[in-house]
Amino acid sequence: MSDIRVPEIKMVEAPEGVEGAGFFATSLESVVGMARANSLWPLPFATSCCGIEFMATMGSHYDISRFGSERPSFSPRQADLLMVMGTIAKKMAPIVKQVYEQMAEPRWVLAMGACACSGGIFDSYSVLQGIDRIIPVDVYVPGCPPRPEQVLDGLMRVQDLARTESIRRRNAPEYQALLASYNIK
Amino acid sequence: MAVNDTLEGTHKIIQEAKEQQQNSGLVPTLNDFSQELTTLNLGPTHPATHGIFQNILQMDGERIISGVPTIGYIHRAFEKIAERRPFYQITPLTDRMNYCSSPINNMGWHMTVEKLLGVTVPKRAQYMRVIAMELARITDHLICNSILGVDTGAFTGFLYVFQEREKVYEIYEEICGARLTTNMGRVGGMERDFSDVAIQKLRDWLKTFPAVMKEFESMFNRNRIFMDRVVNVGPITAERALNYGFTGPNLRAAGVDYDVRVMNPYSSYEDFDFEIPVGTKGDTYDRFMVRNEEIWQSLRIINQALENLPEGPFHADAPHYYLPPKQAVYKNMEALIYHFKIIMGEIEAPVGEVYHSVEGGNGELGFYLISDGGRTPYRLHFRRPCFIYYQAYPEMVVGSSLSDAIVTLSSMNVIAGELDA
Amino acid sequence: MAENTQESAAAPQEAAAPQDPQAAKNAQLLALLQRLFGADTFTDVEEPYGLLTVTTTRERIHEIMAGLQQDQELQMNFLTTMCGIHYPENEGKELGMIYHVHSLVNNLRLRIKIFFPIADPVVPTLTDLYATANWMEREAYDFYGIIFTGHPNLIRILNVEDMDYHPMRKEYALEDGTREDKTDLFFGR
Amino acid sequence: MQSLSNRAKKLEAKPMTLAERAYLPAIFQGLSITMRHFFRAATKKQVTVRYPEEKRPFSPIFRGLHVLKRDEQGRERCTACGLCAVACPAEAITMVAGERKKGEENLYREEKYAVSYEVNMLRCIFCGLCEEACPKAAVYLQPDKMAPPRFERDEFIYGKDRLVEPVDPSARSIRGIQLTPEQAQTLSQRLAH
Amino acid sequence: MAQARGQKPKTKSQKPTMIELPTLGWQSIVILVVFGVSLLIATYCTYAERVIAAFLQDRVGPDRAGPFGLLQPLADAVKLFTKEEFFPAGANRALFVLGPCLAMITALMSSAVIPFGNVIQFGTNVFNLQGIEVNIGMLWVFGIVSLGVYGVMIGGWASNNKFSLLGAIRAGSQNISYELAMGMSLIAVLMISGTLSLREITLQQSVAGEWHFWNIVKQPLGFIIFLVCAFAETNRTPFDLPECETELVGGYHTEYSSMKMGLYLFAEYVNVFVASAVMSVLYFGGFNFPFQYELRDWLVSAQGWELVSAQNLISILGLLLLFGKIFAFIFFFMWVRWTLPRFRYDQLMRLGWTILIPLAIFNILLTGGLILGGIIK
């Protein structure tokens, strides 16, 4: 996976003129980043086939708990990672958005499978053509459904994001603007 | 999009129907829930609804007074898409209908098209299909029963049997190259013969699986905590079940031994010796036991099919419908023309209509195909067992507690993809 | 429709085996039907792929289904499925409902069709006979806008409630229309 | 209701015995089963594959990431006939055909070739129909490589730069009709494994 | 040595004094240690739960955060601390915060009276390895644990969520019902020991030369009742109805995010720890272990140790063994959790009221009869 682009746009630079983060702040940031990365509690928003592959990922052969993510939080308040798995129909779209809004910061979104990422083969009147039309997506996992290996890869990409993310990012104007562009308060 | 203003909302009969409904009190609306009762919105993101059913329950404490299910949360317009796709491209669609047992859907669809086209599949391919379908049935039942365990709070059994599912995935992978959405088989047979590795893996699995299944059964079957949770929970009588159009394990749990494999045998099911387990009360425990027993019967079928797997071709000799081998396409002009025609969907489909049903993981899975001779079906209707029997759910849970409702839901094994099409 | 099914009777399988037991059973069934409901009730009697198919009118459909369900000899009391259909070219008979009923005891299936104009898509409900008809009729209403008189709760089932058309009708496009990643001008459909 | 098939097997739900009513036997049985698994996991047999470090072997016919094959002389096989795009149920394949010019015979095998060939991996469902549709054995789904997850949507449009296999045969995928002897050997080893 | 009841060692040369250091001084140290140990154990219980569950399920559990995943609980804690605070709409803020705090405080308080070890003597200072020695230790534990349910109930009620409310109601009725049976099973222990002091009860369970005088031998039925009730009091499967995931999403803590939710989780594990400790003390001899006096005498006579250091060694061994017993119970809690399905609400109530309470009363009568008959003492 060497050709993965590092997502520069997700990082927030300190404004010009403000002194850089001191040693304490940077090491705090890295500790918090590491902690968050290793404790991503997923909210499995499993609607269809990908949900079964997610079960396989939870299963003994792949064991998502190795990444510290085995506690599925069905309550959005406690979840860190919204894993949208399966087709999101237009009837379902407001619910996905509501779940995302209920999640506490910091929150990440992983779109698993062709349907959640782009609609997949269901280019039909009732299917949302990708969940990034309603909520910001951090990592896309292609496949229909993706193999558990790909899901774990995707989880590790989210871990990369969490590890390198500044703890100030969620207060940054860029992030607020991103949310505002999705009409999320 | 033009608004169809002649109908929606303005038609007199609809208005009358709505008023009638409100007056009759048959279907409770949210407004007439009284003060002392709670309205609980179970789903769509509730963990036990496995995604996407919504049940608005009216509850007196923990007791359910009435329930209104809402479905359609993953409506994907299968039937409309199928009208725009050539026959072979509908196979990936059927994969995603009952995704716990995609091969059954695949095979059912292929058999429907073969029936339309008049293609006879050789015996070997039929046996191969039987093996794939019974594997799918086992995995489907495994997931249903182990999820029932999860919903009663015992998570571990689920992971034990999921390891077996994982092994079946490996077999699928050797057969067709994918794990879950298999896209297995072709119109006219299978796309390739079973490899030696596949056969070997299948044999190994057949040796190891019964021990795991016994272990799973001994964890649940006679455990009083589990029995208390499921015996007499969510029962339905045979008459009501038939009236609701139940088929499959849910109907058999109520005591009716209706099985498409026996009543209208397809794909050489008449060659195999197996029994149809039936329950008595139609409660959750019966459904659980019927599924467990069906796993054993499916194992019997697989063993017989594997023992008696005939030699011969794995696809029909139908060059109009079955893709020629790659090497032939490369060298042979006639093969290339067939190849182009099949891929473009320009096969000579007769005009007609055909209904074919197979015993899916959840019951009679029917394909009603109307062909007008074009490259796509004129109309394709799926008889989706989940869609048909899920409407009995409110009737089955009224009067029971919230815990029972969840157990009942998971024992019915409603697969969302099939429910919403 | 009629001409379609006639052609289908000449499909390869049918021509090959005219004397199969299924045909004899179907003949018996048809005779029984005509005795029960009158000889001229059914038009377009076909047997595509061994399944007896008859066409009747929406005025008779409820009575016929009730009769089939209650007949002790036939015991055709299992409604396998029902679905709507749309033939835009058939003037005055654009919409249809197709019912599959099944006698589990005799292992006999029957397909009944009715057709009616799109301007007046009103059909009697079967919910009083079959509990399973409830959602199937709602689905037909959702997809085709067929209105079932007497249905207790005729609202959309699969699509969002505020959808303003019936998507399975032939004139409506399948596609969402908002897809951005389809740039295939050469090979698109 | 009478039996429909004469093959029914009635499952009797036996009433609970006194021992079963006392909860304990089943509880101890369950506990012993889980404990057996505990010791098995703690001592030797763990089924878990520690993914990024360990990898499960895939079937040689697994449908992974697409590749556009070259022939024996390193020329691209694709002739831009468009069958794969037609066969794709997700409509994920796009291509632009071009005429081969003089002097390009060592690059493209046929007189037409794909000037651009793009697969939208987010749309793709890896059903393998494109591979089946290809009359030139040009497009294959590799068994040993999967489409990786990425951060941005536009990174999933795989053009020819990422799809066409390398000229060096040793760097190629093992699937397809051309195998170098070494590749054939690894394949047979994996099959035996 | 006539140490029949394992009283604190008496030596001729110096008269040990209990109150050499200012009372509050060493007691606060012990309390801090107990507090820290409880928290540490609760923290690593989450890790143990994950690894044990994983092994029971043929998996490996967390192994990527630090060596063998040992930093996993820390990662969880840091993450929970840095997560956004959330107050649901319509929630009572004060009560919403009070809920988890109450749950955590009561959970921690109950461990104060557990005698973790016998006395240790440094020079003239004698330390009691116990937070506070009160002569009503058992009542203290019992009272504080019953307060714990208020944390759950207040939290569930304040969340303004129906699932939370259902969870809170379930927690309330479940805990009240099972406390009755639990208390009655304790009465039988009281009848044998004649004291409420946990230390006294522990010391009574040791007789030189006889190792089997643990209360489990005298009270097998009482122990089983207590064990079942302990599962119910700590809301563990098969009695995890207040938070059962498949029915109530998260039960009473559905609406909680960040560390407030973490407090609930930790409180549960602290409760498990305390319940294990109480069971070890009441029924499994606490810090006593077989042949402790023989070992001490052997050290003194054959190895020429001083009596004080021999006794100190025995105390430390006893402390470690008590923790061993506690960990065994914690393991049992987890083992059961990942094996059994859970009860339904009404079945749980029926079990509590119609089976356990009559059984507990029967146990009292039986114990009384046996004491009267002089069979047990």
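As written, the chain order gives the labels A, B, C, D and E, with residue 1 at the start of each chain.
By definition in this document, contacts are C-beta pairs under 8 Å (C-beta built on N, C-alpha and C of every residue); 3 or more make two chains touch, one makes a residue touch a chain.
Everything numeric in this text was worked out from a predicted model, so none of it was measured.
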item	value
Chains touching both chain B and chain D	A, C, E
Separation of chain E from chain B in steps, with touching chains one step apart	1
Chain labels contacting chain D and also chain E	A, B
More contacts between chains, A-E or A-C	A-E
Reference chain C; chain at largest CA-centroid distance	E
Distance from chain D to chain A - Cα centre to Cα centre, in angstrom	25
Length of the line joining the C-alpha centres of chain A and chain B, rounded to whole Å	31
Chain C and chain E, separation of their C-alpha mean positions in angstrom	67
Residue list for chain A, restricted to those that touch at least two other chains	60-61, 63, 66, 72, 74, 91, 118-119, 121, 123-127, 144, 147
Touching two or more other chains - residue numbers and ranges from chain C	104, 107, 158-160, 167, 172-174, 181-182, 189
Shared interface positions of chain B, touching two or more other chains	46-47, 72, 75, 77, 80-81, 92-93, 95, 156, 159-160, 163, 181, 219, 223, 225-226, 256, 258, 263, 420
Set of all touching chain pairs, with the criterion as stated earlier	A-B, A-C, A-D, A-E, B-C, B-D, B-E, C-D, D-E
In the complex with chain D, residue positions of chain C that touch it	104-105, 107, 181-184, 186-189
Complex contacts: residues of chain E adjacent to chain B	53, 56-59, 162-163, 166, 237-238, 240, 244-247, 249, 338-347
Interfacial residue positions of chain D with respect to chain C in the complex	2, 4, 82, 85-86, 91, 93-97, 120, 122-123, 157
Residue ranges of chain B touching chain A (in the complex, touch as defined)	44-47, 50-52, 72-77, 80-81, 92-93, 95-96, 99-100, 143, 159-160, 162-163, 165-166, 169, 179-181, 416-417, 420
Complex contact set, residues of chain A against chain E	31-32, 34-39, 60, 63, 65-68, 70, 72-75, 77-78, 80, 104-106, 167, 170
